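Below are two complexes that have subunit A in common, paired first with subunit B and then with subunit C.
Moving on to the complex of A and B:
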């Protein structure tokens, strides 16, 4: 065990303390549903996992390779649609369907990559948006194939069996909790491995200076596409998971520009190009938007006596604050970009180093 | 044949308004190299301003252009001064995200105030048309095209003939050299963003009699504005005018001969083809 820890920390630059912390946190998360059985708490946790998966997967392409895709809804949506359509129309259970989804996304990503990676900077961003928009419009218009704007509703998820024993029947939120947890951990591990591998160094070299990386013999197109494949496949897993968990998908909820922007925001707010950035971003964004959606904040304002529930302001807040989560997103982005360009994580780090310097 | 001619003409007319949107974006990009993702949202603000002027004060949408231009010019200038000027040296990605954030704030604030209901501005001439040589031309589209043409000409004259216009063009050509020549580039940036916003809002005012007004309408136009400017060549005003008209025609001909659901797909496919095969756009310089 000790040698394993040492080996890990030697090769990957991870300290044993970090690994122990990880084990503690994971153990805590693993037993969480045993102690908390409120479906709402589990729901929030599942959303946190989902958001972490989305953020980490974008981070591989956007954070480490420096290719700011604002079209990740394409991979999210294609994954979601493939899994959902296979389950609803062909009765293929989602735990097989999602691999088909991932395979389809590989093809889609290679096509998108071959188009978009010829472009740089803002033009890459625009092209990635355009491709995702094309997919959304296609899903909207191919009514016979995708059911168009009406979307697809999951009627029943088949129980997951190994042999004859039923492992889970997906009737509570607990199985989703564990699936989400495992996916989130897997994406984080993939990111860690990528970051500390030769491949990861190539990615970061491309991010820092494409031309310099190219002159050192790094095949730009190839490595950008590899980063995209990692990122896209993980995003498609998130999409499949979302589709099965929520049980309903339509083009605006899985393929729209909003989804792409939201994925980027998770990383921007947490900190781009860091392993824990997307986790921090999710911890900020998910509780905040859920609190707004369920009107917790309006109720908090009433309790604190800042506004009475019957006053005009109170009624306005009660009716509208639930729809305001995107407004808060906007304000957060502007504040983060202007005042903490390295995200919350970078900001906190800077505060700490500043304090250290003062003490020294 | 009449159908083709008809859709061609209405495409050119709507293309005039698109050109206005594209010119606004291209001026901002030209001077600051910032891609303004809030462009459509500024247009949306113009639509709501026009809607309010019409319903509350009874001002005709085309007359309200005269109010829209100064109000939104100041609004855009303030946006530039408060937010975007701080980000001019930053990574282009961060600039994009900043404007996305500003756009989200605009559209969601409007949603808080007006809810996400679709509003319709009905004027006496909203659905009337004039008959020219057997081809019927929508009256609001025709009027808005004339206004667009007037504004574009005035703008062109301003940029080409006046000192300030030349200073703006100089800043667009080479920011540092312009600064060395004693041009106040920060002020030029404020002017450019103000002009871009005023143009977008004018376009919003002009289409409000024929379009649904709702807080999320902006993103469609932001994307359209990108397509138009990239098609024409980023930073080129003539290019944006041409791009606007091409997109207008592609949309209206596509809607007639293919289907209205697929017309946006045509626009985006056209966009990607241009990015791939003529990345400099029709009138622009290379960007690779």
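Moving on to the complex of A and C:
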């Protein structure tokens, strides 16, 4: 065990403390459903995993390679639609369908990449938004194929069998919890492996200075496309997972600009280009959006006696705060960009180094 | 020794403006070629044409006998021709060591090997003690040295240095001069753009003078300082 730890840390520059911390957290998460059986708590955890997967996948392209795609809904949506359509129309179970989804996304990503990577900076951002919007409109209007604005409802998820034994029938949230957990861990591991490899160095060089990277022998188009493929395939997995978990998809929920922006926000708030940034971002954003959705904030204000429930302000808050979701997100982003330009994680790190210096 | 780089009638037009017109010269292996000329003479444009950032509008560039026109900069680098930038381009959020490793990874897929090569190059420019610093936080003198270490890590046979002494104090410039001579000793052919005349006269085996995009003169340093056309270009013909 000790030699294994040492080997891991030597080869990848990961400290043994980090590895032990990982093991503890993972063990905790693994037994979590044994002690907590509230479906709501599990639901929040699943959303956390989903958001982590989405953030980590975007991070490979946006955070490490510096290509700020605001069109990741394209890969999320294509993954979701492929898996869902194969399950509903062709009776292909989702654990096969999601690989088909990933394959379709590879093709889509290569087409998008070959077009958009001709552009740099803000022009790339705009192009990525445009491509995702095109896909949303296509899904909206190809009614015979995608069922258009009515969306697709999963009527029945086939039970997952190995041989004849039924592993799970997906009736509770627990199997989704574990699938989400495994996916999230896999995406983080992929990110770690990429970061500590030649690819990771090249991605970061491209982010820092494309012309310098080019002159140091880096094939820009090739490496940007590789980063996109990693990112897109993982995002499509998140999309497939979302489709099966929620059981309903339509263009506004899986292909809209909202999703793309949400994915970017997870990283901006947590810390772009860091391994744990998206995890931190998810820990901030998921509870916040749930609190807004379920009007927890308005209720909190009433409980604290800041406003009475019957007053005009109270009624206004109760009715509108839940819809102010986007506004509050916006304010949060402004605050983060102003005061924590490196995200929450970067901010915390800075605090620690500052304290260390004071002590020294 | 044969020519390692042949520049044949290279012209580069930006719209109606000829940044380079009909420039030709050869470089033999192991030499240091100085490239001088007043501001706007087309020195950096020539660098860009040679290293693949622009295809020349006319003429051709032969490196080790191969035609380079239109080859992308990354391929040019793989073939053994590397350049630095007049305005330094450190990979700011990466450490000094990581910067040099990116260069070293041009020749290897192993991070470990790349790290060793990078450390070696940092020792050459005497920056091994700064390996863990962020490149973005370095003062200009060290950024220039980092730039040199990074291209050296790509193991070039031909190195093009674009004003590596620009903005440096005399002590730092002296250090760079020694470095250029060391690189020469290691067998790397170099083309150096520099404004510091004393420095360029000391290090160059031959010098090409550009003026308004055209080649004004070529020769060894002695010939250049006594060339009337060069003196006129620099000081005006009335002097």
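Please note the rule applied: the second predicted complex is superposed on the first by the 360 of 360 C-alpha atoms of A that agree within 3 Å, B and C clash if a C-alpha of one lies under 4 Å from a C-alpha of the other, contacts with A are read in each partner's own complex, and residues count from 1 in each chain.
Simple rule for what comes next: a residue touches a chain if its C-beta (ideal position, glycine included) is under 8 Å from a C-beta of that chain, and two chains touch if they have at least 3 such contacts.
The model shown is predicted, which means the values in this text are computed figures rather than measured ones.
Peer 1: Looking at the overlay, does A:131 come into contact with subunit B only (first), subunit C only (second), both, or neither?
Peer 2: Only subunit B; A:131 stays clear of subunit C.
Peer 1: I'd like to know which partner A:213 touches here: subunit B for first, subunit C for second, both or neither.
Peer 2: In the superposition, A:213 contacts subunit C only.
Peer 1: Between subunit B and subunit C, whom does A:324 touch in the aligned arrangement: first, second, both, or neither?
Peer 2: Touch partner of A:324: subunit B, not subunit C.
Peer 1: Subunit A residues in contact: does subunit B have more, or subunit C?
Peer 2: Larger number of subunit A residues touched: B.
Peer 1: Looking at A:120 after the superposition, I want to know if it touches subunit B, subunit C, both of them or none. Which is it: first, second, both, neither?
Peer 2: A:120 contacts subunit B only, not subunit C.
Peer 1: Using the touch definition from the top, say if A:141 reaches subunit B (first), subunit C (second), both or neither.
Peer 2: first
Peer 1: State whether A:334 touches subunit B only (first), subunit C only (second), both chains, or neither.
Peer 2: The first partner, subunit B, only.
Peer 1: So in the superposed three-chain picture, is A:285 touching just subunit B, just subunit C, both, or none of them (first/second/both/neither)?
Peer 2: In the superposed model, A:285 contacts neither subunit B nor subunit C.
Peer 1: Would you tell me which residues of subunit A are touching subunit C in their complex?
Peer 2: Within the complex, subunit A contacts subunit C at residues 196-198, 201-202, 204-205, 207-209, 211-220, 273.
Peer 1: Which of the residues in subunit A come into contact with subunit B in the complex?
Peer 2: Listed in rising order, the residues of subunit A that touch subunit B are 68, 70, 115, 118-123, 125-127, 129-131, 133-134, 137-138, 140-141, 257, 261, 264, 268, 320, 323-324, 326-327, 329-334, 337-338, 341.
Peer 1: Looking at the complex, which residues from subunit C come into contact with subunit A?
Peer 2: Residue list for subunit C touching subunit A: 51, 53, 72-74, 77-78, 82-83, 85, 89-94, 98, 101-103, 105-106, 109, 111, 114, 150-151, 154.
Peer 1: Which part of subunit B faces subunit A closely enough to touch in the complex?
Peer 2: 35, 83, 86-87, 90, 92-94, 96-98, 100-105, 107-109, 111-112, 115-116, 219, 223, 226-227, 230, 259, 261-262, 264-265, 268-269, 271-272, 275-276, 279, 287-288
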